[in-house]
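Look at the two complexes coming up: chain A is in both, with chain B in one and chain C in the other.
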Partner chain A sequence: MSSIQIQDVTKSFGDFKAVSNLCLDIAEGEFVALLGPSGCGKTTTMNMIAGLEDPSEGSILFNGQDLSSTRIQDRNIGFVFQNYAIFTHLTVFKNLAYGLAVRHLPKQDIERRVKAMADRMGLSHRLDQKASSLSVNEMQKLAIGRSAIVEPRIFLLDEPLSNLDAAFRAYMRAELKVLQREFGQTMIYVTHDQIEAMSLADKIAIIDRGKLMQYGAPLEVYNNPTNRFVANFVGSPRMNLVDGEVKNTGGSMKLVIETGLEIPLSGRVGADIASHRSTQRMSLGIRPQDIYLGDLHHTDDIPLSGLVEEVERIGPKRLAYITAKGTRFLAVDERDYMTPGSEVEFFLAAEKCMAFDGATGERMGGRVQ
Partner chain B sequence: MNAIEINGASKRYPNFTLGPIDLAIGEGEFFGIFGPPSSGKTSLLKLILGLVELDRGRVALGGTDSARLAVSQRGISMVFQNLALFPNMSGRENIIYPLTERKASKSEIDARLDAVAEVLHISHILHKNPAQMSGGERQRIALGRALAVKGRAILLDEPVSALDARLREEMRIELKRLQRMDKQTFVYVSNDEEEVMAVSDRVAIMDHGQIIQVGPPDEIYNRPNSISVAKLVGSPPMNLFPGHLSDDGERFESPSFTMSLDFPRTAHAGAAATLGVRPEDIHQTSDTGAACPGIAVSSTEPLGSHTIVNATIGGRLVKIRTSGRVIGASELGTHVSFDQRRLHLFNADGERI
Partner chain C sequence: MTDLISDMVPLDSTASESPEGGYWYRMSRDGQKLGRWFVAPTVLLLLFIVVFPLLMQLYLSLTWWTPLDGTRWYKAYESFNFADNYWRLVTDRDLWAALLRTGAVIAVAVPLQFGLGLGLAYLFIDDFPGRKIFYSIILTPMMIVPAVVGLIFFLLFQGTGPVNGTLGLPANFSWLTSVDRAMLSVIIADTWQWTPLMFLILLAGMLGVPSDQLLAARLLGGSNWQNFCRIILPRMKPVIIIALVLRTVECFKIFDLTFIMTKGGPGVATETISLFLYKKTFADLDWAYVAAVGLTILFALSLLAAGGLAYMAKKKG
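Take a look at the complex of A and B:
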């Protein structure tokens, strides 16, 4: 187990800055997800923690110690990659035993730990078979088991579930969480899938173009994104973000969108904007489940009307795509109201609206409760 | 008339048998095919494309046996998972390729290119080569190429699976919009259940080379005809409890609870059965009666709009989806009730009863 401090780390490849001035504190035993779109620098960050890449500037401390001169194999870090990296010509047993054998553990110890791990991973009946005979799902379990068995103090996982089918992915998510809790290891998990990050991690670091956008607990980043990027990236179905210009006419504010739609800015979101007087352009954010269909919940709620384009079933819910004067809103249709082609009234819950500065993307005003 | 009609089609492979398949896909329908890996989804597409010599049965396209149609008359285009764009051609050249191959007139090519580019919002990338495009842009070009020729149907084999999650969500509504506007028949294959259920008018669920249920997404979700379908559709999957029906068929009895049914299943009275309940149909309760099993919570996954709770009932793992936004382990209580109107019962053979 180990804490990790990433201190003002920059990594450049020629003129390209893959990571810029990254600061991140990871406590001992914490499960942290590095989340971002492809090419955002999350894997480069992980490679620097692993020691596969050296930072161009800044330093990374493990329990307060700089390990940059320690050999990678002596850092006691376990890896799981997207592409398994297992020995397909060896048996499942030998794959699991490998990390213990190279550490010259007694034979009985190896056998005991391999059996326990195989049991954990549901691979007991496969121990004597060649790894090449395993299914894709079993291979990934083996890859995770093989790294976990040596009980590294830091466990790094790079998109370990992205090759798996959806049902198995959901199952492995729960498995990983239990595993981490049992072993108490510090885990760093790289993913572009925000559902994985939300469900697994104690904390999420959201990275875009090499820069840290926000670092916090899953519900904190979901409920209180500090900028437009995080608001857009975290949450599924995604947050509605409407870009427009703030106009103040006769004391009442409204957001005017290019397509001609005007959204009155009442309630808390109005106050948020009023405190940023210089703002001209902004984005209004509202999550699909915070749009009410059919009836008004609160007098401050913002009324709009539009045409239902499509209705999708997403698990137990239906998701409606509503176009109001050329601007599309996604709304959760809890009560199966919507049919494509119909005109509807809908309301944005004023208390849940968020405002983002049009120039900087920064969040304006206070937190949402 | 049906765009595609398959009657009793089957094909034996060394380790796998496809079919027999009976399926009719209507004109202008957005038809989804979903199943686990190697369940036969891609084989079924190949069968529709005419790439498979059938052992039995026939495939009719627009009412004509496809065996009697030359490939050029079949009017079926396909979008592959790996897109298969020509790397040395621009977006524009890729899209018009099937038209120039057919020696279409310049005015026809221009008109079709304009129409496709407008729907797909790709006018600004037509001059680029695939290598200069993002994943989503390449995806649109591949779709554009399939749409350029007005055909009988477009087959899409996991067309968005290579994209990241956010882009996937956006592309699927674009696809749906496109299909509506063009009134094309789409056959869409995916191993992502959420995606296929979201876009399709009807879905075929495949397993072991067979179609095990066909219907609108709502029907498949609300009334899966078998345990196999129940397990495949829904995320997290349906919770299943083995047990049996009481002698009068009015209750379901398991080691950890006894539950009255919404209507008696007298035909199956006393028989072994499995009770299924979806994660969102389990609710906390203060009632500790026999119908309300005790739970032990092991972990929670807060997902923002809802929370997934991992728990056990009588030692069996269950997943509960709470509608509340934030929920801690202490708020869950010790007992739960199942929504009685939304229970699923299956017999010993796994069929819905």
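Take a look at the complex of A and C:
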């Protein structure tokens, strides 16, 4: 088990910077998800941690120790490939035993540990069969078991659930969490699926175009995105983000959107923007569940009206698409209140609104409580 | 139109049994018969080309016939001798000596070429600067006409030639005329020419081993050698068998090199089975006997190849 410090790491391929100036501190036994859209550099980061690629600049420390001169086979890093990379010409037993056999452990030891791991993974009845005969779900378990059996210092998982069917994916998500606790292992998990990251990880590192956007606990990232990218990427359904220009007319501030909609900026979000003087262009963000209908909850909340275009059922709730002067808002309709084609009054909870700088995408003002 | 289609492809029994229909069905059924007639000439021609010489050889091998008799070949039955030629084959010391020499070439050349080819292929798994150029250079010997390769090595191994010059050996240090070294020279020439083929086949097999599995093996702590033995080699087994069978059969037929470099000499030191047959055919005009030996070797090599293929089929199944 080890902690990992990624210190100012940059990886370039020619002129292209896959990862730039990445800093991450991962504590011993922590479960960290590297989250980002495809091509954001998360797999490159993972490969650098595993030693499959060398950083162009910066260093990666394991318990304070730089392993860059250590050969891959001596690093003792567990790695679960996206397609599992099972040795299909060998039996399940030999797959599990591989890491132990190449270390020349005594035969009885190997047998005992392989049997224990097979029991843990539910593969005991398959031990003598060729690994090529396994189902995808079993291959997934075999891949994890094969890496776990050598007790690696860290465990890297590259989109391990993306090939699974939906039901098994949900099961495996829970299973992974249990395994991680059991092994007590530092785990790094690469995914583009923010739901997976939210449900599994102790901490999420959100990466976009090779840069770290935010690093924090799932709820922290969700409630307090530090920039527009994170706000947009994390959360399902997605946050409403409206881009416009801030205008100050007669002491009251407004966000004027190109389509003609004007949103009065009052309460906390107004103060946030006021503290950030230079800004003209900005984005206003609000999560669908922070838009409500019916009576005003708080005097600062922002009233708007629009046309309900469509409602979509998601589980017990419904999602409503409301268009206010050409700008579309997504709102959670908890009480089956709306019907398509009707005009409604709705409110944006001012306390929950977030303002992002139009130029840099940085969050303006303080945290949401 | 729909009728036509349902008649052409009888989906159920009624379609083919319908009284006025079934025309297309019958046509397609009879058409198959007709088709056989159209294909027949080609098949016959092929049979004639492949099977006729074999039968002719078998026929002659059961007689004493030689062109010196002055009779037509099909009258060879006049000197019919049952299996005398085959009995002679079993007891012919010269033949067995030639076979033994061929076996020696195979025993040395094939493993040597396999080892070199495998090593070279391993070097070519990962990319390195100039990989494509080296690849082309390595494959070049294979493209040269074997007789030319024979000539090249004939010149290289002359007493006053470049090999002795480079090694600092005296001009009377002979290669091709030495009983000890003539065969070695031939094997070196053969290895130079045919290691590229081994390399080509084995590299293809090696590149077929999924790279992520190799990576996984390394991450699990396997050294390069361990991963090579446990992952790469077992996965290459079918390819290795193909390469070995192919080269063994080819080595069995080695002719051009020995013919040009040594003419089978000194004495019979490099007389392989092909050269033996050549001499029996053109020097002794012993055609019936040659036919018997040729057929026997064909049979033996077919068994070898079939064995290899059967092994692979079993592996796959």
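Please note the rule applied: the second predicted complex is superposed on the first by the 369 of 369 C-alpha atoms of A that agree within 3 Å, B and C clash if a C-alpha of one lies under 4 Å from a C-alpha of the other, contacts with A are read in each partner's own complex, and residues count from 1 in each chain.
Everything below uses one rule, namely that a residue touches a chain if its C-beta (ideal position, glycine included) is under 8 Å from a C-beta of that chain, and two chains touch if they have at least 3 such contacts.
These figures come from a predicted structure and were not determined experimentally.
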item	value
Which of chain B and chain C A:Glu310 touches, first, second, both or neither	first
Touching partner for A:Lys42 - first (chain B), second (chain C), both, neither	neither
Chain B or chain C, by number of chain A residues touched	B
First, second, both or neither for A:Arg153, with chain B first and chain C second	neither
Touching partner for A:Lys352 - first (chain B), second (chain C), both, neither	neither
Which of chain B and chain C A:Lys141 touches, first, second, both or neither	neither
Chain B versus chain C as contact partner of A:Ala85, first or second or both or neither	second
Where chain A meets both chain C and chain B, residue numbers	none
Residues of chain C touching chain A in the complex	210, 212-213, 215-224, 226, 230-231, 234-235
Chain B residues touching chain A - in the complex, by the definition given at the top	36-37, 135, 164-166, 169, 173, 176-177, 180, 191-194, 197-199, 217-218, 221, 231-232, 234-237, 278, 280, 298-299, 301-305, 308, 310, 321, 326
List of chain A residues in touch with chain B within their complex	37-38, 136, 165-167, 170, 173-174, 177-178, 181, 192-195, 198-200, 218-219, 222-223, 232-238, 287-289, 309-310, 312-316, 319, 321, 332
Of chain A, residues touching chain C in the complex	50, 52, 72-79, 81, 83, 85-87, 89-90, 98-99, 101-103, 146-147, 150
